[in-house]
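You will see two complexes here that share chain A, one where it goes with chain B and one where it goes with chain C.
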Partner chain A sequence: MRLEPREKPSLLITIAYPALAVLAVFVFAGFLVSLSGANPFSVFGLVLKGAAGSQFALFETLTRATPLIFTGLAAAVAFRAKLWNIGAEAQLYMGAVATVVFGTGLLPLPSPVLIPILLIVATLAGALTLLGPAFLKVRFGVDEVVTTLLLNFIVILFVSLLLEGPLKDPMGMGWPQTKKVIAEAQLPKLIQGKRLHFGFILALVAAVAVWVINTRTALGYEMKAVGFNPRASRFAGMKVDRVMLKTALLSGGLAGLAGLSEVSGLKGNLTLDLSPGFGYAGIVVAMLALLHPLGVVAAAIFVAGIFVGADAMSRSAQVPSYIAQVMVASALLAMVTAVMFTRYRLRWK
Partner chain B sequence: MTDTVLSLDRISKRFGALIANDAISFDLKQGEIVALLGENGAGKTTLMNILFGHYVADDGSISVFGKSLPPGQPRAAIQAGIGMVHQHFTLADNLTVLDNIMLGTEKPWRLSSRKSEARQRLTKLAQDFGLAIEPDKTVAELSVGERQRVEILKVLYREARILILDEPTAVLTPQESQSLFATLKKLTAQGLSIIFISHKLNEVLSVSDRIFVLRAGRLVAERPTKGTTRKELAELMVGRPIAEPKIEPQPHGDIHVEIRAVTTADGLDHADLTLHGGEILGLAGVSGNGQTALANLLSGLSPPKSGTLHIFGEDAARWTPDLVTRKRIARIPEDRHAEGLVADMSVTENVIAEIYREPRFNKRGFLDWRAAEGFAEEIIKGFDVKCPSPTTRVRLLSGGNMQKLILGRTLSLAPRFILACQPARGLDIGAVSYVHERLIQARKSGASVLLISDDLDEILALADRVAVIYRGRISEPLPRQQVTIQELGLMMAGHGFSEGDAHAA
Partner chain C sequence: MDALELLFSASLWAAAIRIASPLIFATLGELISERAGVLNLGIEGIMTVGAFAGWFTVYQGGDLWLGVLVAALAGSAFGLLHAILVVPLGLSQHVTGIGITLFAASLTYYTYRLAFPEVTSPPKIEPFQPWAVPVLSDIPFFGEALFRQTPLTYLAFIAAGLVGWFLYRTPAGLAVRTAGENPAAVEAQGIDVTKVRILAVVAGSALMGIGGAFLTLSAFNSFYFEMVNGRGWIAIALVVFGSWRPGKALLGALLFAAFDAYQLRLQQLAGAFVPYQIFLMLPYALSILALIIMSRRASYPRALMIPYRKGER
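Here is the complex of A and B:
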């Protein structure tokens, strides 16, 4: 049994295989659902209804997708240049820290001035968080998978320290949380009375911006070349180390924006449960999207929809919402497999 | 001694519209070396992959020692006594020679490994065939020639009686090739039979007994080696008459490159070299004697630790690759896959790799892809690159077309100095003469060319002056008319170089 590269995958295959992958996910998840004694079709119906069955459900899904778009873009940008940023979680939290430091009254400015400032500081905070590991990588060859991953834990403990100390809300009844950001620092809601906020628009803008950077700019071209072949890139005259550092700034900055968006758009303050693993889920989103920035938007909405839908479903059916994790994980595996088979064919001899 | 050990009968194989092998029949007799000659893409490798069971033929049959070979089963081929030595070595660098040779020969569920037995067998094989090897060295410590010996021993260890060698000299120096040929003669003297796949005429003529020429998937000729000539074979291979490169004598121009007592971290040791406009200077040497270091120095990849480097009269010691390109220096890298091109990017993306910073492609950080594609189309046309479109991924091009792409990218900038490292390595005759033509043209237009090559024939055919690099030092260049292959061979082995000073790296 071996793999043979396809010269040119046909259109049928490029559509049919991912479709088969989605089908496989539902068959597999359906099997698990029926193990727990429920009817898979009604459960999937409930998931779909919970994710997109009503205006409320749809907005909820988009709200959940917002941070995933940012972290998904962060991973997509970095992975394209083969900078393995596993630390979007840390960069997200540092972006959130910057948002509460500057957004809780330190700068008493009107919204049109304050929000751009917050965008900048949150981006910088995330960017600088990744700059350290990236610098260690280009200067000393330290593996960034290890440093960025471990930095997640360091940053979360650091945030914990801040929440018990300097940033602790004096009116918080002892809870480890910061003060709420001032009204001028809040991102406006897109629709009155709904949770969906301006951060979603920012995320879409970021996706388009990354797409333009990737396809139109010299930097995007350099990041691609360096990702595929750093030696040839250096030979051709690109400053490979500098491209890596720029990639790190861009990737970290995008993850930092996820923190700002969650604090200023949704939660209002910073707590330790600001992110239920958005940084890690961003990696899944980026891979599902095959690192394409516009694909990231679709993949983020898909993943968010499954989580939101499964939450709603588990409230009415007796199936644990963990099924969402199973579906997302198997979707990733199935999609990666499907993509492989569009590029290669299996030969039994 | 004329028993037929292997016969192929009307083997055909199609890949889509491409006919890789079209009803090819031939036979191999005991104790003979048969050469399979053909350009890249002629179908040599496909045919051997069918023989070895990697591919299944659409039509035709194979018999080995009188028994027919089941198609598509590498294991059956190995058991029948066929052994293949691949062009790219399949050795584990971190294991010892002995471990590499034993790898896969023992059942996985055995608890103990019969190492001492294996060592005895290996030592005996090595002695019998005169393949000196140290079983306990790791492969990483071996030279390329030694690694190939291990590959051959690996095949012999598995009791092969028919050896297939796929382009075995592609990675070898002339000396290593000669010693390989001697080994092959020893093997056939002991009754083994060999299929030698190559596109190098001189080698085929010096090592084989019979020659089969493949062209575009068809067997176009069979010749006894004694009754054919280099010229005839070349024309059979290419399918048309070939002109040898012609170089008109011309006076030297100004000094373009001046290297004085340069030592670098990666291998140059007080190297001196002067290169003039309008000349091709050939640099010969056994690979690994500082050629790569010299190329890196002139490419702006590694600065000198001591000594001076002047290019076009300017101090070039701190030039970066970017600046080197802007000074109109063309570089043809030694390894086009690793260094020259980004295989997963398109033709367009690759042709602008050195010049995308120029204003004609770069408008305030935004790339003008239309201009880039126009440039790619110019190169495709001007340098006869065979590819479906500028959006084709470079990975899908043949080696010759990749090299033409690199030539086009760099020569279309009207360079004044061309650094050509192994420019013809791994290319077929058609592509080689194309590359040489281009270098001669550049020389005519007054450019200087530094030709670094392992191939003495290439150097003697093109160069005005010839120098030898040995352990990071460069000999005084001599006019081509005053040197012979024998002299160069001696110099490549270190004759004529003063004993290294105390500061030799």
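Here is the complex of A and C:
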């Protein structure tokens, strides 16, 4: 058995295989749902209704998609340069920490000044969090997968320390949470009375910006070249290490913005459950989007829809909402396999 | 008791060996896989599966050792999935591994919730009890530290010896090592590289499954969410720290666990002055530090993470 590259994959195959992958995910999830005794079709119906069945549901899905767009972009940018940033969770939390440090009254400034400042500090906080592992990678050859993963645990503990110490809300009745950000630090809601906020627009702008960087700038070209073949890139005169560090700053910064967006746009303060794994889900989003920044938006909405829909479904049907995580994880595996088969064919010999 | 006295208490070292046990299984599992040239980032999820599968078997009335066996089988099933995706199909080992971890963990949590829709306190089992080795357990200090452990701990040390013997003293072990260094040379011997690598990943994943089961069958008596808590990632760091050698990896795991046991006790001593989170961070920080120190001397298996395609150079 061996793999043979396809000369030119037909359009049919490039569409049909990923579609088959999505179908396979639903068949598998349907099987799991049937184990609980529920009817898979009615359960998927409830998921769809919960994700997109009403105006409320749609807004809820877009709200949930917002941090996933940021973390999805963070993974997409890094993976394209083969910088394996698995630490978006940590970078998100550090962005959130920066937001509450500067946004809870330290800087009494009007919104048009304060919000840009918060954008900068949250980006920097996320960027610097990934700069460490990236530096260790280029300087000492330490595998960034392990360091970014371990850093997730360290940062969560660090946040917990802050929430019980220096950043603890004195009026919080003893709960480990920070003060709310001041009104000037809040991102406006897009529609009065809805949870969807300006962070969603920021996420869309970020996606377009990454797309422009990827396709129209020297850095975008260098990141792609370094990811494709670092040795050839070095031979062509690129400063590979420096490209890696720039990629890390960009990727970490994007994940940091997810933290700002969740705090300033949605939650108002920082708690330990700010992110239910947005950093990890961002990896799935990026892979489903085939690392394309605009595809990230679509993939984030799809993944958010599954999460929001499954939450709504589990309230009425007796199916654990963990089905959403299973679907998202199996979608990742199914999609990378499907994409591989659009590029190679299997020869039995 | 002051900080120095602590170091010489047998109970500290007994705890260290207990803490090391799941890490030894997991590190050995990852080591076999990486020696064959395959990075297995599915480890964290595979340990979660093993922890649940082993515990659930016993909860359903199975024997403890049957639980260990089921954990190994469940672990190897997910290892097989990882192996098929990355060895013959050549998918990215990073992305697939993370995918396997997410997949295995979420599937475990789904199954747990399916089996126990609403539990206020987690259901418990009767776990492995310590077994004092006759004669040896009566030796002062060492007896208490080493020879009054649960059977799974003894198994961890036996496994380390077996893996070392297998890798360095058997033809199959040579094939595994060569598959990770120079796969073309394995092919030249008429051995199928794909098969060697798949088997190595599957066997390694069985060990990871047992490592997970140690948590539910020996260290605790119940299954909790997030109970693996980064031990898989630490095991990956320990493989590097041990320079891909079973003996050094075993020492690394013991050193790490001794440190962990020590910080747990220091925490009680100095907890009033230093926030407890600082202590909890130490194991992860220590792993990163170990990676940095060892990175200069790290000699990766040369074909690690490089898919092998017959006839390609």
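Just so we're on the same page, the second predicted complex is superposed on the first by the 349 of 349 C-alpha atoms of A that agree within 3 Å, B and C clash if a C-alpha of one lies under 4 Å from a C-alpha of the other, contacts with A are read in each partner's own complex, and residues count from 1 in each chain.
One rule holds in what follows: a contact is a pair of C-beta atoms (placed from the backbone, for glycine too) under 8 Å apart; a residue touches a chain by one contact, two chains touch by 3 or more.
This structure is a prediction, so every number in the text was calculated from the model and none was measured.
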{"item": "First, second, both or neither for A:Met340, with chain B first and chain C second", "value": "second"}
{"item": "Contacts of A:Ala218 with chain B and chain C, given as first, second, both or neither", "value": "first"}
{"item": "Touched partner set for A:Ser330, first chain B, second chain C, both or neither", "value": "second"}
{"item": "Winner by number of chain A residues touched, once chain B and chain C are compared", "value": "C"}
{"item": "Partner chain(s) touched by A:Phe158 [first = chain B, second = chain C, both, neither]", "value": "second"}
{"item": "Contact footprint of chain A on chain C as seen in their complex", "value": "41, 81, 85, 88-92, 94-96, 98-100, 102-103, 105-107, 109-110, 113-114, 117, 194, 229-230, 233-234, 236-237, 240, 275, 277-278, 280-281, 284-285, 287-288, 291-292, 295-296, 298, 309-310"}
{"item": "Chain A-facing residues of chain B, complex", "value": "16, 56, 72-73, 299-301, 320-325, 331, 333, 338-345, 349, 353-354, 356-357, 362, 365-367, 369, 396"}
{"item": "Touch list for chain A against partner chain B, complex", "value": "7, 216-219, 221, 224-225, 228-229, 231-239, 349"}
{"item": "In the complex with chain C, residue positions of chain A that touch it", "value": "1-3, 32, 35-36, 79, 84, 86, 136, 140-143, 145-147, 149-151, 153-154, 157-158, 160-161, 164-165, 280, 283-284, 287, 318, 320, 322-323, 325-326, 328-330, 332-333, 336-337, 340"}
